[in-house]
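Should a chain be cited, it is by its letter among A, B, C and D, assigned in written order, with residues numbered from 1 in that chain.
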Amino acid sequence: MNTAPDKRMGLAEAVARFVFDGAHISIGGFTINRNPMAAVYEIIRQRIKNLHLYAHSNGQGVDELVGAGCVAKVEIAYGGSGRFAPTCICFRQAVENQKIAVEDYSNYQMTLRFLAGAMGVPFLPTRSSLGTDIIEKWGFPASMRRADPQIPDHKLLVMDNPFGAWGQTTKVVLVPAIQTDITILHAQKADANGTARIEGLTFADVEQAKSARHVIVTCEDLVEPNALRACPDRNQIPGLIVDAVVHVPFGAYPTACYRYYDYDPVYLKDYSQSARDDLQHQAYLERWIYGLQDHPALLEQVGAARLEMIKADPGTGYAKGLDRR
Amino acid sequence: MNTAPDKRMGLAEAVARFVFDGAHISIGGFTINRNPMAAVYEIIRQRIKNLHLYAHSNGQGVDELVGAGCVAKVEIAYGGSGRFAPTCICFRQAVENQKIAVEDYSNYQMTLRFLAGAMGVPFLPTRSSLGTDIIEKWGFPASMRRADPQIPDHKLLVMDNPFGAWGQTTKVVLVPAIQTDITILHAQKADANGTARIEGLTFADVEQAKSARHVIVTCEDLVEPNALRACPDRNQIPGLIVDAVVHVPFGAYPTACYRYYDYDPVYLKDYSQSARDDLQHQAYLERWIYGLQDHPALLEQVGAARLEMIKADPGTGYAKGLDRR
Amino acid sequence: MKAPMMEYTARELMAIAAARKINDGDIVFCGTGISMLAAMAAKHINAPNSIIIFETGAIDSQLEEIPLAVADPRVMFWASANGGLADAFAIMQNPITGQRVVGILGAAQIDRFGNLNSTAIGDYTRPTVRFSGSGGACDVASCVRRTIIFMQHERRKFVSQVDYLTSPGWLNGPEGRDKAGLSGGGPEAVITNLAVMGFDDHTREMFLEAYYPGTTPTQILAHMEFTVDISRAREIQPPTARELQILREQCDPQRLILG
Amino acid sequence: MKAPMMEYTARELMAIAAARKINDGDIVFCGTGISMLAAMAAKHINAPNSIIIFETGAIDSQLEEIPLAVADPRVMFWASANGGLADAFAIMQNPITGQRVVGILGAAQIDRFGNLNSTAIGDYTRPTVRFSGSGGACDVASCVRRTIIFMQHERRKFVSQVDYLTSPGWLNGPEGRDKAGLSGGGPEAVITNLAVMGFDDHTREMFLEAYYPGTTPTQILAHMEFTVDISRAREIQPPTARELQILREQCDPQRLILG
């Protein structure tokens, strides 16, 4: 959080300031939609390592961070990118090769864990996962947990309902709060103060932002101070929780940004293809990330025609009739 | 909940169908804003009794229901109407004269209790009220609780943090879920299907609606089916949870409805005055509720000039410069 | 007189078989892929007042184009409300709405009680194959009244014991869910490329409900590691011309899911 | 040369005394009435980057006109975000943001440790006087780093023991909050129509910090059921002409709260 009136910053500076080796981090978005990809690529470019990543189903951004070797540990509900990769390729390889430590939750549990962090409570209850291996099998063993004060001693806990049969519930699962060092979101609109408006589904972005010590918002449009305040109902991110505002058009590309552009099926398919092979993946990293200065350079390499192809239709918010085969 | 496509209904019918003697009920709004007053007056007019009312700070609507003798029990955080009645007059008298049973919570606790009901969990945790009489003093004794399956056995429970020191928390208060038979809200816009849009602050309306078995939405504007669906981001109430949609212009009067009209300081002051005296309050009930057929009749008695006086300014959403002395 | 032979793929039949299990007024939770197609087909064919919800927060989507992920911006089209994950899952866990939800799931492994694995094969911390993980599947399977499961009918997928129990079916039998503290119902059907499997009301064990034209109950058993009751099996009603037409022309004209 | 005597009311001095305690960058939680005025005055006078939040969900309100309730539509004016109660209270309970919040509260009774009663006088279930109840006060007093309390300085209000402990102050002394499980700080000051009371850093007991012109420490003690340390008391700095002008002309020109 930060109450300063002007928090505008360049992307390289924002990442350098708030993302560090070993940081506990989460990113916004869901599978192939509104991942803060420009920031993800900048983290990769700055070769930040050993991240402790919290994800529900963040998809493309998570897989690229894992594939580039930035991540040591991940607490996650789903490593997939929809039809483009029912299981994310790099994520799968990294887990199978034990290059990352992984601990599984469900999407609702991860959401509740962020919500608990946002609310400032140590846990929240749910009935989800009773009777399953999500409760029985821990990805991080007890010894590792005790040694690290940033990981709770228990993955989760099952408790009898202390209110008897109230709520027609006999048992609940308590999921521990997450508090990240840094959360990065991409929003359609933000102002210098950090007030931000997400258009379309918010996924768990709001809970993620509010559970973080620091927040970077990248945005399609950086608007005048009172443009968003004229309708505060539509702003989910109050400025006071935001530390850096970065203006990055196409900042979610190649994932979608509702009412601005669709996901790019060509990029996503090419990525998914090259990720299957180590050499090809290295070439991908060189060509699309390390070898480029910044996100505008990536967009230039993609070319105007492709960006035009995915431009959102004003009526639907996506590229109607886009060839997605 | 109800998945039928068309749920339009008259107000008298909706109240007769869903509000019954002894019902567990909550209403939307906060103190002097967006209380579903037309529905409150209809409940009074239908002389429904023994309601079990759940309120955070619903203010005017709660006080009128209590004053008209509709309420037997209330679980509440705050019985006040801002500067017009720092303590609601009828509420105060009813508690002091032991005409209603009252149990106290805080605003956050009541919000969490509705949220727990909405989420389908038996309780939620908070740190609020540790060390206070909100924990120590119960309004409903244990014997009464055990006898009534619709009241939890414990008012609330204090528990050690089962995750040790996780979240810098040693103890939490668990607040039990609320599930009402009926919740009534007033929204600015709704369609026949029940999709509703609240403009401005939502208070705890959304949690209240989602924790209810049945929901009545009264609205200023009943709009065409796709008018609200063109921007689903702004609709907080999905149609599927709604049972009845009632078109009632000025349905929150004399409380405010953001972007439509302000609260009426004259009505609120007159009410607060007459509520202090039994005879005057009886006269008020006769003149403004029992003696009138419906809400349009009340508005006619108020007169067009007063309604014009409180008309909201398009820029601010309230009546700028309104004489509020 | 016999109707002329209609050509259709197993995938088309799967989508339609699932669609037929959706009742008017149901709230349908669906994931990515064929479950999305089944929900769309039901809404166009037999359950016009069914309501499609996505875990990403889109409630009562109208789905003009088929989404390729539950976060595809296409799920937002003319929805009743756009929210987030917290809103969507609360609808499932809430007893009032949750009792009206039918969830459609897929998995890598299933056992006789409909317990699902979508996490890993082999030891959890050193898996030989890693899958996506639960996503919202465990949440749905834990909370809602009915689930329908899509599977490929293969021996390595219909297993005696799942390597990792990601999403609860009937757990270890008739009292499994109650004992674990789970409310709601459990799996109602498994729809595969060969058959529709049901679950017995008393034993909660899987049985063969219907087999597809061109296959037999014994052939189906050969595709499973465990045996099920085949005594109640009948041949499935093939898709009608109308069902196929709606599926192909209105639901997936690009054949993104139908292939 | 002495400045000319400025006329001002006790209420005006109270609002300004509270405003002075708000630092630039603070998040200010305020309730109805004079606390709203103090927050507005601070923003106009000494803490332009303070952020006003309301329990009703309005975050960083700009307040063009003075609201008469925390749900008054005036609190929404040019806010950063409009949410609901759940959002607003989470900001206070969240340790990162909550540590930056100063809460401004009022009550019917207060004790030497700053514990507040705004619920009832007499037996709780058969009260002789019933008040509004906590509202958000208990939540704020439980969670945030600092609270400032407005009181009328009367013997029946400054009591040895509150009849009902609605909002926690320092509870029973230096370790009270820790033992109860409360984080954050506790009451920092009580601002009355006669004086400003502080709380000792070690004992957490109330003491007289400053008295208003025209009164004396011993007179103030006569308005309290319990005794406090008066050895540190000084006369308060009267409001400046600029402070008064801003308060009167920009904050409450209709004198709705100033009376």
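Everything below uses one rule, namely that a residue touches a chain if its C-beta (ideal position, glycine included) is under 8 Å from a C-beta of that chain, and two chains touch if they have at least 3 such contacts.
On a predicted model such as this, the values are computed, not experimentally measured, just so you know.
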Comparison of A-D and A-C (more C-beta pairs in contact): A-C
Chain A-chain C separation of Cα centroids, rounded to whole Å: 28
Where chain A and chain B are represented by their mean Cα positions, the distance between them in whole Å: 37
Geometric centre distance via CA averages, chain D-chain C, whole Å: 57
Separation of chain A from chain D, taking each centre as the mean of its C-alpha atoms, in whole Å: 40
Contacts with 2+ other chains: residues of chain A: 117, 119-121, 126-127, 167, 169, 172, 179, 200, 233
Sites on chain D at which at least two other chains make contact: 58, 76, 82-83, 93, 95, 143
Overall pattern in which the protein chains touch one another (line/ring/star/complete/other): other
Touch relationships between chains, expressed as pairs: A-B, A-C, A-D, B-C, B-D
Complex contact set, residues of chain C against chain B: 25-27, 49-51, 58-60, 62, 76, 78-83, 90-91, 93-98, 100, 143
For the chain A and chain C complex, residues of the former touching the latter: 29-34, 56-57, 59, 76-84, 86-88, 91-92, 95-96, 98, 104-109, 111-112, 115, 126-134, 136-137, 139, 158, 167-172, 200-207, 256, 258, 262-263, 312, 316-318, 320-321, 323-325
Residue ranges of chain B in contact with chain A within the complex: 116-117, 119-127, 152-154, 157, 159, 161-164, 166-167, 169, 172, 174, 176-177, 179, 199-200, 233-234
Complex contact set, residues of chain C against chain A: 32-33, 55-58, 64-65, 67-77, 82-86, 89, 93, 95, 119-120, 124-139, 142-143, 164-168, 171, 176-177, 180-183, 254, 256-257
Touching residues on chain A, where the partner in the complex is chain D: 1, 3-5, 117-121, 179, 193, 195, 210-211, 213, 226, 228-230, 232-233, 235-241
